[in-house]
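Following are the structures in question.
Note that chain A is present in both complexes that follow, paired respectively with chain B and with chain C.
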Partner chain A sequence: MGVTCVCQVPVAEGKSVQQTVDILHKKLEQLGAVKQGSFCVDCETYHATGNVSGQPSKLLYVMHNSETPLSCLALFEGGPCLIADANFDVLMVKLKSHFQNAKGHKVECRGSRYRYCDFLIKVGTVTMSSSARGISVEVEYCPCVVPGDCWNLMKEFMQSFLGPSVPELPSVFAAKPEGLFAPADSVDTMTQYLELFNKLPTPPMRARLPLSPSPMRAAGSGLGSGVGLFNLRGGQQPALSVPDGWMDVGDVLQNVPVGAGGDRGHG
Partner chain B sequence: MMEYLLQGSVLDQALESLLHRLRGLCDNMEPETFTDHELVYLLKGQQGNPFILRARRSLSHPKAPWHLRYLGQPEVGDKSRHALVRNCVDVAASHSLPDFLNEMGFRMDHEFVANGHIFRKGAMKIVVSKLSRILVPGNTENTERLSLSYLVELSVLAPAGQDTVSEDMRSFAEQLKPLVHLEKIDPSKQRH
Partner chain C sequence: MADVVNVGVNLDAFSHAISGIQALRSSVSRVFESLKDGMKNRETLEGREKQFIAEFQDNLQAVNRDLNELERLSGLVGRPSESHPLHNSGLLSLDPVQDKTPLYSQLLQAYKWSNKLQYHAGLASSLLNQQSLKRSANQMGASAKRRPKVQPSTLVLPPQYVDDVISRIGRMFPDMTIELFRPNGTSAVLLVTLGKVLKAIVVMRSLFIDRTVVRGFNENVYNEDGKLDIWTKSQYQVFQKVTDHATTALLHYQLPQMPDVVVRSFMTWLRSYIKLFQSSCQRCGRFLQDGLPPTWRDFRTLEAFHDTCRMKCFHLEARSGLFTDWKPEDQQRQGDADQTLLTIDSEALIVSPEREEEGEEDDYEGVKQPKMKPHQSLKSSCCVFLERHRRKRITQSCSKLRQLLPTIHGGHVDMVTVLETTVAFLETVQELVRAEHPELKLCPPAELHADWMLQSGEQGGRTEDGRRAPEQLLIWS
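Up next is the complex of A and B:
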């Protein structure tokens, strides 16, 4: 696995999620990239039960990546992470009385894989509860594992098909003790996916009653952070947190549109 | 997956004869010794018994992944079944396992070092191990033997419902008599 950058791409103005993904695919094919199958990255959220009241429940994320099908990654946000084999999911089922699976919060990112010379590009649609929440692009430069040595090249390559949506250097690389010259690994990739999933807006059906009016997102403004809109427990919280005593109003809010394109995620 | 288990022990003096017989009965392979460090973690819930997980690493192969094991309660059922049967989940994990378990809320209850020999016969695994107590937490160099004997375990990992497994185990155990008597020992009856 080489240095990988995962970024969010805003939905194009006046287009749906699927149309924007198709535009990206066309640009990659024009560059000369070859489609090589599909990929899937998913993330399940568990929250610890039985915590001392007053303390926020710890969230445990268990992620899978089709690039490493026999492994899974379990992590606490900002805390230690564990790479384990696929049986870890079976173990989490055994632990269900201690760690509850927030089933409605399973996030999946699925899409096509493209290969262009030494680059691997994955364009995915991020979905939660079967509705599209955004678009992710993962670019991996396979020959190099040191971000400091290839970031400029990756940025230049991304500009050729992402245009102005090119991201900055991912914070996971800068945050390491050795900085940009520490080798990158699969944990860095999955951490970037988790940050992306957490940045996506909380779906309206998870809002606490009484509801504040759900604002329509301006076309082309990208899918900004939902955290400030639905104040979950005061203060910053990842969009995937599940406070106690929430009522799921999904049954009531069936038809709230996701974004300007009103795309319900099935392309 | 279910673990089928029979256990027994031999005094130190009888070890060589047992190893000799096992070398004869088991699959032909290079004799394999091991030195493992096992930590037992507990997660105390709001109700019921604490959840137990066993984390094991090899001291002779320090780069190998950690092995995390969950063992369920022994299946109560057919008393005539020859082996102890319990649910078993095995997970290979990276070296951040102890920190991760602590973050999950698990606390280490006790740890020990096990070293000995391992043999295989088909799907059966025979482990002859000496258990040692760790005197200073985390220091695996400084250990003290727990007893003057070796623990002998015969186990098979198989899907549920395969009762022929315990038959095969019983007939193998017969061949080890009278050097060692392997029997079904219910761990819950050993509770302090």
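Up next is the complex of A and C:
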């Protein structure tokens, strides 16, 4: 378990997500990295019920990482976190009354895993409800456990294949009480992924309109601020519907009346 | 098998003692048998009892007799010689089975040979030290005082002494902790933890370091039994490289008479890895080369280099003496380097015999430099070391220059003549070049020039103006 840095790579101009990922793969292979299978990081959101109304309800994120397949991480944003074994998912099912699963908000990041010398590089596509929303790159330097020591080294490495879009030192490390010289662990990695998932913007409608006018679902902005649904049918006015219990959407594309009956999108 | 060796045991008495033991065994078993059989059938009860008691007494007396006999014989046998050199391996001689390989006799011969070797080497080193070709008498005097009067055999040291030395070294550096284990007999195994960077396992043989394995801070050092795992390599390439370098360091730091100095020097060198991931290479300035940080630490200066960069650095140093314009920066760098050398117990290293060509140095010194005053203090012995190193470089460059100049024949020619001849030669060459191609300027090879520019740029030195004619360079090499 070494020092990890997760960053987002912007999609190249005029290219699709898949093409940008392929470009990154090619650069890595030119550097001499060896592909070693695939990886998957996913995150489910649970909405804590039983709160006093008026107070924003806390969101619990349950994350899995294929690098630690037997573990499961549960954390509140900026709050305490828990590392448990894989049966935690079953426990969450049993706690349905206290934590409601936001089923449309499972975010996944899948991609290939490369190994270069002592570096582990994972290039993945972030998807939510099977629509690609961005590209994430995770670079892990395994031999070192102290982020302050090896940050320069990692930055130099990332520059060699990411080019200009090299990130800054992740804030999780700076935010710790001992600062940069506390040993890093898997919680820091998952916190960085969570920040990345929350930062990803809504993809533009253009990219996601199908060629034939068939019903389509659109999801709103990030996980923390609620959900908006958009149901398109050919020739009909778009109807907006919000499932019970969720907050209103922040970025509604059009000011449309809420469909009382009839068209109702699924949560 | 036993006839090769004098075990120090009286073999006759030994065999008698063995039969004595057998006799004792049989008399004891007779006692118990008679007890088991009980009283024999006789007419009267008293008769029976009397006979039983008499028999019992006889048996016990026989036991007593046999025991005394055995004690007497064992006194005769004598103890095996205490000075048996092989300790536990000497018990191989007691194996009655004749193997195909005469293991014990070969073992003994090897041990005798190594003893003789050590003895002769000690003699040779003392002789060589007497006729040392060092420059200053001060060094001789200081080293003679410093050598301990009684020289115990450094192969057999009491474990307490080893423990003391190691704990003293452990206290020297605050960020390095050394734990000592003795999992297999008297050999110590050290677990050195350096900050949060690495863990090194050092296997020792009395106070000599045998081998070492370096692993990462988050790797497991214990195997399934809970014992220290001294064989598995690290799973990270960077620490595999550091292990290789550490093994090279073990070969480099050698001083048979003073093994504790060697251990201290090795630990000082190992401690320089505290900044393994933070340092950039001194030569190329980058952090990564083929995915590895600079893993090589120079043995004298403890500077960080990539494995591939240190080779180039060596060549650069060898040629740097030729071009005097670059000398001030180089010398300043070398001077700093020599200062840090002293952290590695150079005073003790001074004692060991020099291995370079001493003849030329003497020749040079006879012409040029005055001898050091004998009453100078220990601090100036450090200056002597610096000065000697500088003069060594001058001599090496001088000899190379001699070989390069076409007009000088072989044999002793002093520095002054060489320099004068070089000046004349270069003037001739420049005139010839100017005659043929007036626009050309003489310059060193572009690559070498670029390297020196990089170095002088690092030192914050002056730019070399007038040295680069970008259009046309006459490259010599």
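Annotations for the structure displayed:
Note that in this section the second predicted complex is superposed on the first by the 201 of 267 C-alpha atoms of A that agree within 3 Å, B and C clash if a C-alpha of one lies under 4 Å from a C-alpha of the other, contacts with A are read in each partner's own complex, and residues count from 1 in each chain.
In this text, a contact is a pair of C-beta atoms (placed from the backbone, for glycine too) under 8 Å apart; a residue touches a chain by one contact, two chains touch by 3 or more.
Fair warning: this is a prediction, and the values are worked out from it, not measured in the lab.
If you put the two complexes together on chain A, you find that chain B and chain C both fit without a clash. By the touch criterion stated above, A:94 is placed in contact with chain B alone, chain C being left untouched. Once the two complexes are laid over each other on the shared chain, residue contacts for A:1 go to chain C alone; chain B is not touched. Shared-chain residue A:130: touches no atom of chain B or chain C. Of the two partner chains placed by superposition, only chain B is touched by A:82; chain C is not. Touch criterion met: A:156 reaches chain C, while chain B stays clear of it. Residue contacts after overlaying the shared chain place A:142 against chain C, while chain B stays out of touching range. Superposition on chain A places chain B within reach of chain C only down to 17 Å, the least C-alpha distance between them. Touching chain A in their complex are the following residues of chain C: 196-197, 216-218, 236-239, 275-278, 280, 286-288, 290-293. Of all the residues in chain B, the ones that touch chain A in their complex are 43, 45-46, 48, 51, 68, 70, 72, 89-94, 96-97, 99-100, 103-105. Listing the residues of chain A that touch chain B in their complex gives 48-50, 58, 60, 74, 76, 79-85, 87-88, 90-91, 94-95, 97-99.
Those residues of chain A whose C-beta lies close enough to touch chain C in the complex are 1-2, 32, 116-119, 142-146, 149-150, 152-153, 156-157, 160, 181, 183.
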